[in-house]
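Each of the next two complexes has chain A plus one more chain, namely chain B in the first and chain C in the second.
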Partner chain A sequence: MEIEIRKLDGNEMEFVLSGANPAFANSIRRAALRDVPIMAIDEVEFKVNDSAMYDEIIAHRLAMIPLTTPAKGYQLPSECGCREGRCEKCSVDLELKAEGPGMVYSESLKPSDDEVRPVSGSIPIVKLENGQRLELVAIARLGFGKDHAKWQPGIVAYKYMPVLEFDPKLCNACGDCVKACPKGILEVVEKRVRVKDLTQCTMCKACVESCSSEAVRVSGDPSKFIFRVESTGTLPPDQIILRAIESLREKFEEFPKLVKKL
Partner chain B sequence: MRPVRCFTCGKLLADKYDKFEERVKRGEDPARVLDDLGLKRYCCRTAVLTSVDFSDEIAKFKK
Partner chain C sequence: MELELVEKGDDSIMIKIIGEDHTFCNMLRAELLKDDSVISAVYTIEHPLTEPPKFYLKVKKDKSPERVLMEAAGRLVEQLEDLREKLQKELKK
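Moving on, here comes the complex of A and B:
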């Protein structure tokens, strides 16, 4: 098995995994979406809410704000000794005090731990009219994407590496396929058709349909996967994949022990 | 209030609505603005393009 990182840029990452099978690739994808613990607001204590929006609407918006997750240091609420999910080992308090007129933005959230803060300060939360006040304490905890979408670290998607074959005996370099390709990844070079960037191919087969000599064949390689990871900003994309694999490893280590007990 | 994230993919959209409205109001092509804001997928594009905020109308009524 081999991994080749083709792009690692801010919150986006693209890599090619070769020598694997679809079940393996899908396991990584699923684990990344549902089993990686990240921080998100999980409870809100309202002191004052004069706004036009109900408490629960504001609480929901706060929950959906992506927060940065520190590399380590926090326990899952289910594993924490405090049993109430309110101690400093398993939760972070974010205070908000605002008065109208004007829009309240995510930058107004003041965390008790600066490493857990909104990914962007310009997220509008609620608009306050003149004299209206909003005062609350939002409690952030670790959680999993499988429990709520707010705890999803980002998106992970993969596709097979496309395989484009041009039969040299049938191809007359007419260029019909080049014109038909919606991604523009084909070109005619020295009486043969060449692919400019294979990873851009969507396997739509427009080239196959446009060819009057049936010289084109499009298929996918089920052992080579082009992964795209896009983080919401809570964790770097490489960390998402690493932690996904870690969670898979834990499951595989526990399973044989359970089977042995049978 | 406009949705914080894209319903389909979960991408953060809330910090982009203001910029989108301002630029389109100034006359720019919405498609171009969506591209500049980094909204490649049509799920996100739809959410930003078609979400309507009527919280000002709601604000006129007591809770």
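Moving on, here comes the complex of A and C:
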């Protein structure tokens, strides 16, 4: 199995996984979405809420704000000794105090640990009228994407590596497919069709339809995958994939021990 | 993860894998099917919220199904560890 990073830029990453099978690739995708713990607001204690919105709606809006997750240091509430999910090892308090008029943004959330802060300070929470006040303490905890989407670290998707075949016996290099391709990745060089960037191909088969001599074949390679990762900003995208692989490995290390006990 | 034995024969086994879903089961199933001694490896999740996956494995007579399960998991651990190392090497570039 080989892995090749094609792009790693801020919150986005693209890599090619080759020598794998669809089940393997899909499990990595699922593990990245569901089994990588990140920080999110899980409980809110309201002190004052004069705003037009109910406590519940504000709490829900707060939970949707992505928070940065420190590399190490916090424990899952279920594994923490305190059992309440309220101690320093498993939770972070974010205090918010605001008075109207004006919009309250996520930058007003003041965390007790600076490593757990809103990814962006410009996310609107609620609009306050003249004299209205909002005071609350939001408690952030680690959690899994399988329990709630607020704990999902980002988006991970993959597609098969496209395979474009041009039959040299049938192809007359008329250039119809070059014009038909919506991505513009084909060109005619010395009476042969050449692919400029194969990974850009969406397998739409416009080239197949345009070809009058049936020389083009489009398929996907089920052992080669182009992965695209987009993080919400809570973790770098490479860390999401690394942790997903680690979580899978831990499961398969535990499994034989349990089989032995059967 | 917890395992519960549902049925056991000489060359087959059915277990419930409590706390896991397609992420774990599908990867294991695909790896088992690469093994020549496996006749059948399938799983079903009757309901994703209430029922744990039921995993069924039937092997040729010369091996025990438990042994085959453990070997497949071992191979996957190796593959994942190898992939993790390769990814880390790529990241250092």
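The working rule: the second predicted complex is superposed on the first by the 262 of 262 C-alpha atoms of A that agree within 3 Å, B and C clash if a C-alpha of one lies under 4 Å from a C-alpha of the other, contacts with A are read in each partner's own complex, and residues count from 1 in each chain.
In this section, contacts are C-beta pairs under 8 Å (C-beta built on N, C-alpha and C of every residue); 3 or more make two chains touch, one makes a residue touch a chain.
Everything numeric in this text was worked out from a predicted model, so none of it was measured.
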Chain B and chain C placed together on chain A: clash or fit? fit
| So, A:T232: does it touch chain B (first), chain C (second), both, or neither? | first
- request: Name the contact category of A:F252: first (chain B only), second (chain C only), both, or neither.
  value: second
* Figure out whether A:K260 sits in contact with chain B (first) or chain C (second), or with both, or with neither. => second
Examine A:N172 and indicate which partner it touches, taking first as chain B and second as chain C; both and neither are also allowed. neither
Determine, under the contact definition given at the top, whether A:S213 touches first (chain B), second (chain C), both, or neither. neither
Margin query: Contacts for A:T202 in the overlay, against chain B (first) and chain C (second): which applies, first, second, both or neither?
Written below: neither
Of the two partners chain B and chain C, more of chain A gets touched by chain C
The superposition places the nearest Cα atoms of chain B and chain C at a distance, in Å, of 19
Intersected contact list for chain A, partners chain B and chain C none
The chain B residues in contact with chain A across the complex are 1-5, 9-12, 14-15, 17-18, 55-56, 58-59, 61, 63
Contacts from chain A onto chain B in the complex sit at residues 52-54, 57, 61, 64-66, 119-120, 122-124, 126-127, 129, 149, 152, 154-155, 230, 232-233
Residue positions on chain A within touch of chain C in the complex are 1-5, 8, 15, 17, 21-24, 26-27, 30-31, 34-35, 146, 238, 241-242, 245-246, 248-249, 251-256, 258-262
The residues of chain C that touch chain A in their complex are 1-3, 5, 15, 20-24, 26-31, 66, 69-70, 73-74, 76-77, 79-84, 86-88, 90-91, 93
